[in-house]
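In what comes next, chain A is part of two complexes: it sits with chain B in the first one and with chain C in the second one.
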Partner chain A sequence: MNTVLELENLKKRYGLRWALTGVDLTVNEGEVLGLVGPNGSGKSTMLKLIAGLAHPTDGKVLINGQKPGPESKAHTAVLPDADYVYRWMTVRQAIEYVSGFYEDFDHDKAGRLIEMMGIEPGMKVAHLSKGMNERLKLVLVMARNADLILLDEPLGGIDPTSRDKIICAIATEYRWEHSAMIIATHLIRDIEPLFDKVLFLKNGQAELYGNADELRSKYNGSIEDIFKEVFV
Partner chain B sequence: MNFARLYKKEFMKERKSFAVTLIITLGAAIFLYSRIERWPTGVPTFVSMTIIFGFSIAAFINCFDYMGDEWKRNNHYLMLSLPVKGRDILSAKLAWFMTEFGTHMLLLGAYTTVMLLAELKSTDFLSAELYSGIASSVWRVYWLTLLPMLYTLACAGVLGLFSYTAGSTVRRFNFWVGAVSYILPIWLLSYLSDKAMEISPAWLHIELPLSNILAWQQMERALNSSGAMDFNFSYFMNGTFVGIDMLAVLIWTAGMAGLFFLASWLLENVVEV
Partner chain C sequence: MIYIVTAHSAFNENMPIYIQIMDLIKQRICAGQMGMGDKLPSVRDMAVELRVNPNTIQRAYQELEREGMVFTQRGMGTFVTEDKDRIGSVRNELAGRLVQQFIDGMTSLGFQEQQILYHVKSYLEHQPTTGADDNERG
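The block that comes next holds the complex of A and B.
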């Protein structure tokens, strides 16, 4: 399997505060990495550094051997925590706008995802509820056959009854098999079956990192149980 | 292609307010035109010129919003995650800024010229020849100020984009960083261009006699042929020149290009969400 993402001693400081204090990891083609940790542990910072939305204080980020920049962004799909889609656009316009920049955007998949998520294409983004906005963001990301997919709290605003359907969409139905994926989340129980690897972050440090199944058997519990053990 | 997509996005975002502003402006222009001979002479033209002045001020204020809007509404997450160069983002914003304000300024400028001439024509004391001279003069002034006006607008746009981008590189005091990034380049470029004008060779001065610009000979002929007065201002007019120093223009252009590429670099390498 090809290595899609490599982090070498990745550090990030905001003013005097260190948000990340040296993280090393690799994510291979087709793997799903769960990024878990309490608030302020550096999960979002790490995703921003990988996405090229922030710049490391020290260390390296390599995506397919390239530093984050316009070239790597063409192969990276990112779902940030913020509602970033232009509110004046309709859902259709947002899809048309974003798809124009990416060769890997699959319009058929986008159409199927829109239908599955129950979003009205003619609706203005400003009129979408918080949950619908989250779904639209997922559509924009999952419709791409990107080498690397970064999801920051993908289920945050989605009601519990729809989560299983969306997790299924993320995991299998709409996921390009070669995509490597990093999912940062608090909702570990819902999403942990997807994880191949898990990185536990605490105060910007990698507290625990390894294969998800190996960690489960070593600690004799679920990832959520390990999370509670590590952080509580 | 990226530029075209980004420009189209700017257009789609602003098209409604652009169209509404254009309609209101044209409506006001038509109304003012209908007031010629009803309002005291000069008032409709003066009001029209005030609108142009308003647009100039609005251009200087709005140039910050072209970047600021992205930050205020979290759209910078999307903008910065796109696989595009910083210069594509900035040039699309600058191009739309020029389209929006350039269109208004050019149309209003032309319209004010038409109105001024219509007002002059409505007064009975101008002969056809004198009116024709004044018309040539006014239109020449309009065409000659077109390029400098667009150039100034582009400079304002670049400065606005640069200062907002510079302000976005810090998390605290971003207003002050933005303000200094706006004022400092103006001061520095003014200082350098002043110094440059002192040393630039004569062949870099492009000058035109004021009499040529104002079509003075035609007006003088008309005034003298009426026999009412004996005008002979040619001596004064021919000795007065209006011009620009190309070295100073070059310094401003290089400065603006430098700021544009610095802003692009900052956007790609320093600015964070």
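The block that comes next holds the complex of A and C.
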């Protein structure tokens, strides 16, 4: 069992404000880590550091034993919180555009996912509803055969059907044998059955960390219930 | 508690999910939806059907094997046991749990043993049966 990601006493400060104050975790091949915490707890910062889009103030990020760089970026797929797909493109064009950046982009997978998600390939991105937009963002990530997949709030502010489609797509297309995945979210209920491990991030630190089912046993509640207790 | 899980979204996440999956499979076997010696869905297929992490399914399959409800053949998959007695005893175990839940519920409402038995008998007597009786009721 390979360790894909390792965080060692990871700290990040923006000016005077500490976003992360010392986080340790490991994610192995085939594992899904749920990174849960309220807005502002440091989830997005952590994902940024893992994606190599920012540098740690202290501590280490190791992806397959190395610091984030061109090598790790080629094998890391990120779903950011914000919209990043060019709005003047059609869905088809957006897929072509993104596929050009990544060797591990799988066109067949993309086609399957577009169909599963019910997205019109000829439609302009600007005309997509919020739910359809989020579905498309996920397609662009899951169509890659990436070793490390980082999803930042994949279920944010969208209709229940889109939520269900997204969860189904992750369950179906995630390469359980090869990849590692981190799902950062505060919308836990529907997605928590996908988690192997969970890390509760509070004020930039790990408040709780462990195997999902073991936590459920120990606290006699769902991950969402534990969340409500940890973040009163 | 036994939760009759029919759809992926019907999980009660209060309890370890692998235990609920074990219960689901036991129910399917005892109810005859899966026959003795039948092949269980692959870990992956089951994970997608239930929208659950495959490691969780894997754990459920392993525990079921430990309990003798299923057996694994390398490279071929996981199969329902051919041991009729084993299935029978698990069926009784599930029945026992349902009975306990029911009795606990009734007791908490203040019913005594005789009243509980009366309610059960009365319910069973008034259940529609198939065929002739339905015609009589018109």
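Convention: the second predicted complex is superposed on the first by the 224 of 232 C-alpha atoms of A that agree within 3 Å, B and C clash if a C-alpha of one lies under 4 Å from a C-alpha of the other, contacts with A are read in each partner's own complex, and residues count from 1 in each chain.
What we mean here is this: a residue touches a chain if its C-beta (ideal position, glycine included) is under 8 Å from a C-beta of that chain, and two chains touch if they have at least 3 such contacts.
Just so we're clear, the structure is a prediction, and the values are computed from it rather than from any experiment.
Applying the stated clash criterion after superposition on chain A shows that chain B and chain C can sit side by side.
Contacts of A:32 after superposition on the shared chain: chain C is touched, whereas chain B is not. Touch criterion not met for A:111: it reaches neither chain B nor chain C. Applying the stated contact rule after C-alpha superposition, one finds that A:83 touches chain B and leaves chain C untouched. By the document's definition of touching, of the two partners only chain C reaches A:194; chain B does not. By the touch criterion defined above, A:176 reaches chain C but does not reach chain B.
Draw one line from the C-alpha centre of chain A to that of chain B and another to that of chain C; the angle between them is 160°, to the nearest 10.
Once the two complexes are laid over each other on the shared chain, residue contacts for A:167 go to chain C alone; chain B is not touched. Of the two partner chains placed by the overlay, neither chain B nor chain C lies in contact with A:157.
Superposed on chain A, the gap between chain B and chain C at their nearest CA atoms measures out to 27 angstrom in whole units.
Within chain A, not a single residue is touched by chain B in the first complex and by chain C in the second.
The touching residues of chain A, counted against chain C in their complex, run 30-32, 164, 167-168, 171-172, 176, 189-190, 192-196, 212-214, 216-217, 220-225.
On the chain B side of its complex with chain A, the touching residues are 2, 5, 9, 12-13, 73-78, 80-85, 171, 268-270, 272-273. Every residue of chain A that touches chain B in the complex is listed here, in rising order: 14-15, 48, 51-55, 69-71, 73-74, 76, 78, 80, 82-89, 93, 97-98, 100-102. For chain C in complex with chain A, the touching residues are 9, 11-18, 44, 47-48, 50-56, 59.
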